[in-house]
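Here is the structure we will look at, set down as structure tokens.
Going by the order they are written in, the chains are A, B, C and D; count residues from 1 in each one.
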Amino acid sequence: MIQSIHPLIITIGILFVVVNTAALLIWLERRLLALWQDRYGPNRVGPFGLLQVLADMIKIFTKEDWVPPFADKPVFILAPAVIVVAVLMSFAVIPFSPDIWVVDLNIGLLFFLAMSSMGVYSVVLAGWASNNKYSLLGGMRAAAQMLSYEVFMGLSLMGVVMMAGSFNLREIVETQKGMWFFIPQIFGLVVFMVAGIAETHRLPFDLPEAESELVAGYHSEYSGMKFGMFFVGEYLGVTLISAFITTLFFGGWLGPSFLPPIVWFILKTFVFICFFILLRASLPRPRYDQLMAYGWKVMLPLALANLIVTGGIILAIG
Amino acid sequence: MTVVFWISAAVTVISTVMVITRRNVVHALLYLIVSLLAMAVIFFSLGAPFVAALEVIVYAGAIMVLFIFVVMMLNLGARASQQERQWLKPRMMIGPAILAAILMIELGYAIFAGGGIEIITGEPVGAKQVGMSLFETYLLGVELASILLLAGLVGAYHLGRRDRSEEEES
Amino acid sequence: MAAVSMEHGLILAGVLFALGLIGVLVRRNIIFMLMSIEVMLNASGLAFVVAGSNWGTADGQVMFIFILTMAAAEVAVGLALVLQLYRRFKTLDVDAASKMRG
Amino acid sequence: MLELLWLIPILPFIGFLVLVLIGTRLSRAGVAAIGVGSIGISAVVSLLCGFSFMSSPPPGDAFSQTLWTWMKVGSFAPGITFHLDALSLLMTLVVTVVGFLIHLYSTEYMNDEDGYSRFFAYMNLFVGSMLTLILADNLILLYLGWEGVGLCSYLLIGFWYKDPANGLAARKAFTITRVGDTAMALGLFLLFAHLRTLNIHGDGGILALAMSQWMEGSGLAIAAAALLLGGALGKSGQLPLQTWLPDAMAGPTPVSALIHAATMVTAGVYLIARTYVLFELAPAVQFAVALIGTITLFVAGCSALTQRDMKRILAYSTISQIGYMFLALGVGAWSAAMFHFMTHAFFKALLFLGAGVVILALHHEQDIFNMGGLRRALPLTSKTFIIGAAALAGFPFITAGFYSKDLILWKVWSAHQPWLYIVGLGGALLTALYSFRLVFIAFFGEAKSHVVKKPGACMKIPLTILAALAIIGGLIELPHAWGNWQPFSKFMESAFPLTASVEHGGHGKAAAELILQGIAVVVSVVGISLAYLFFLRKQIFVEGVAGSSVGVAVHRFWFAGWGFDWLYDKVFVQPVVWAARINKNDIIDFIYRLFAGIIQIFHFIFCLTQTGRVRWYAVGIAFGAVVIVAMVVLS
């Protein structure tokens, strides 16, 4: 009985933890940004302002869930669900520790890429369905940006795949016992991080929702929990990318044995989440054409060069 | 796996029917995406996980986004749907449906005339095998495909460019 | 486990192909025609994969990858043509572009 | 030093390649530097080779250098081999030095023209091909150079291709020389078929083999010599293939100077001199060479007397002077022919360059009757031009032309050909007449047009150098009667080892030679005086003669170059055109037209299916698929 229930427990547990982490990140980001910008941030509700999350949630759940009359209703409702579903699906293939995972897929990495490419639809459809020119522009930008950065997100990971000889994430982690991949695959890491920021459209690559130009872009017309899903989806994306950086480049659950593997995993992921927030605090937003040029003219050649060199070295050694 | 196959087959067929009958382009595209995703599940159930992933990444994730991108660029609104209503009359379906029905009957005859039913075991054929096959047996095909992609790239760039005279007008 | 056979897969592919064919013939909007063509391509890909997994070889998947490549190139060029068509005729009606008749 | 031989032809080719590949991106100065520089270095190398060759002659008085084997087909393996002996050394020196001077001149002459780099590219290609022709060790490589210069001639005659007339002239030159080249190719086939080699020199070369295998006057020797002569006639503009040369003046003037006066047109002379053994074995052909030369020199001289276009006068005079060379070759005076070739290269290049200055100065005016009085406006040019004309006319004692022409006439006389000698003498009179007709009309008298452009240094330097050469060039060979100073003949004879030793005028003949010289002096001076009288003092007399009914007819006849163009048009061109016209609707065409008609009918039927409606096409495809699948299923 316990055997058949075990996967279900793990699945529900992971879902719970991940969603709550995303919610907590709202608070964490505000606190950290405040810290770096030399102010207090939310500190009134509860200890260290921790209950602020709860307050926000109550507020967002009780708001009127309004659909504009000019919008394309089914698509408008579908759009925010897509991103949350796509990101949560990706968590399924992550091995959190040697014995905590949802599914051990032998094309795990490809599954992640497939899901992240599904995430595009959320933004694009939201932009289109809102029937609003700013939203449409934001949606188009998002489509072009995410399509472009997906290309070398995939390419940057192929170096890791080559070294591990597998798409299976568990095997990738296992092969990092000797050396974490961020040393040989430093360029792959850089490209993956940049692409990850662009995929989650976090600052500085938040062109699709640039408030100053596009009035929040694709989610201008959204309110209530639908907006909340975009919001949570973004934090889930940050968590997902951080978890993948940990898994692919920093040895996943591996670490000295004085801490259990799951703790190592969470610690590493947390570091990268903070890094993402730090980026938001420190970098300005580029122009749209700069973003695209940077992607195609710098990142893509870098990813290709990394791939060729990695392949050459593997051939030479093996 | 059998159940998975039949469910996703049903989803595929229904959503494909929706694709060819919708009036709104974006809705049709969404149904097409659903159809492709279901197709990916079929591939997975048939023991082709690598291709299933590619189907999602490339077909659903890239090609369809291109479609949506173009639809957004053209910004087809309610007027386009109205026009579709005009164009898409049920009686126009009759001829093509008959043609397709004949084709189906022929294909069905050809498929089942072979005799015994072969059962697909669904033993997975992994990415490694596909890759080895691609770069050993079908290397020439890979090269040709890359040339085709290059040609497509150049052609699309050339076609998509605005004429100089048009630019002056606008 | 026993019920999926090659014939079933092929019939599914045939049905999808026929649906795509109907779509191409019925639709006047060029974007819908392109989508229907995608359906047809996908159906033929399915047939290859079915056959490939029936014999447990990678060949079917390789052929599907080729079809995928072709579809990508076709869509790129096709959509560029759609844009040109829309610029020239301000409509997506394929019959508007019938000047190349003999 | 002689090891550098390969550089001589290679350098112009390199210049050509550079100019062709990146010429349009270079500045004019850069183009000129490459174009002139490559020829200049080539000239320096050939001078060094020449000094080395003369100071320490290589064994056998010849030097060969094989770069690589060109091709290998059975026993036929011609090499890219260069051969230097006295004959080719002389040609090389003249081509590179005169070529260099003309290139230098061109930098200024072509300065206002489009296609600057194209011009120098062609010129460099020409020089390279010409040097290949000269230095070739086998006839096939020689033929390569031969066709190369033909190509460059075509390209440069039609250099100003925007005027269709120039293109037509280029085509005419190409077609007519092709007639000769065909004969030459046949000659090469004949030689290879019988001697199994095309190498010229050495024990296994065609000269030695022909000498040992063929009887004098045998049919094979006559055929081979006659066929080679055909090629030489075409290239050198001799009767009956001379008609292209006057029209070739459509090209820029430096081109005329380089190709159609100084170098390429003498390739025929060179070919005959190179294969002299064949001609000695075929006395009939050799006499034909002399005869053709004589007739040509007279015919062309008459034509030159009536021309109005400055360059056409010079063109006819070129034909006439090459006629002298052929005459010399025909009587076996090889070195006399080469001597006249050398002096002719100097003074004819000088005359053309001078004419170029005049043409440029008068804004592309070429009619001499619109000139006049240029002596004052262009002092240096007119001085050098007069020197050139004097050399051409054989002005006694001080000009190179006198010595070389006198040598030829003396050789003709001593070969016992009095009739040829008399015609040659008449030709000399004509030469003096027409050359000073040109001088007096163009440079003396009243000015009829305004000089708009004075020559610069790049034009003056070549003129001056060539004028000096036109004077001192003759001094390397004095008549026998004047003492034993004949280094040129001695040097040249090393290149003709197989010939029966050329008869030197013995001491007993000194008196006869002096008398003949006296006649030549008188003819030349009389000619010049008559020209002075007719064309400067008493023009009425000339107009009277030319105005009479006979005079008009003769003038028109001569002006048209003795009607050869008309004749060829009637005899060759029109019958072919006529045959083509009546054959236009023949039965074979009908069959093809039937096919075309059937296809056209199908075309119209299928056109109806091309509705422009994509979906109907799709229906067609689907229907076809249904039918084909049905056929497969039901079969």
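Rule of thumb we're sticking to: a residue touches a chain if its C-beta (ideal position, glycine included) is under 8 Å from a C-beta of that chain, and two chains touch if they have at least 3 such contacts.
Keep in mind it's a predicted model, so treat the numbers as computed, not measured.
With every chain reduced to the mean of its CA atoms, the largest distance from subunit D is reached by A. Computed from the mean C-alpha positions, the centre of subunit B lies at a distance of 72 Å from the centre of subunit D.
Subunit A and subunit B, compared by their mean Cα positions, are separated by 28 Å.
Rounded to whole angstrom, the centroid-to-centroid distance between subunit C and subunit D, based on C-alpha atoms, equals 69 Å. In whole angstrom, the spacing between the mean C-alpha positions of subunit A and subunit D is 82.
Residues of subunit D in contact with at least two other chains: 619, 622.
Shown for subunit B are the residues in touch with two or more other chains, namely 50, 54, 62, 66, 71, 73, 95-96, 99-100, 103, 107.
Residue positions 21, 25, 28 of subunit C are each in touch with at least two other chains.
Of all possible chain pairs, the ones that touch are A-B, B-C, B-D, C-D. Subunit B contributes residues 24, 26-27, 30, 33, 40, 49-50, 52-54, 56-57, 60-62, 65-66, 68-69, 71-73, 75, 77, 124, 126-127 to its touches with subunit A in the complex.
Those residues of subunit C whose C-beta lies close enough to touch subunit D in the complex are 21, 24-25, 28, 33, 94-95, 97-102.
Subunit C meets subunit B in the complex at residues 1-12, 14-23, 25-29, 31-32, 34-36, 38-39, 42, 46, 49-50, 52-54, 56-62, 64-66, 68-77, 79-84, 86-87, 92-93. The touching residues of subunit D, counted against subunit B in their complex, run 619, 622-623, 625-626, 629-630, 632-633.
Looking at the complex, you find that subunit B touches subunit C at residues 1-2, 5-6, 9, 12-13, 16-17, 19-20, 25, 28-29, 32, 35-36, 39, 42-43, 45-48, 50-51, 54-55, 58-59, 62-63, 66-67, 70-71, 73-74, 76, 80, 83-84, 87-88, 92-93, 95-97, 99-101, 103-104, 107-108, 111-112, 117-123, 125, 129-130, 132-134, 137-138, 141, 145, 148-149, 151-153, 155-160, 162, 166.
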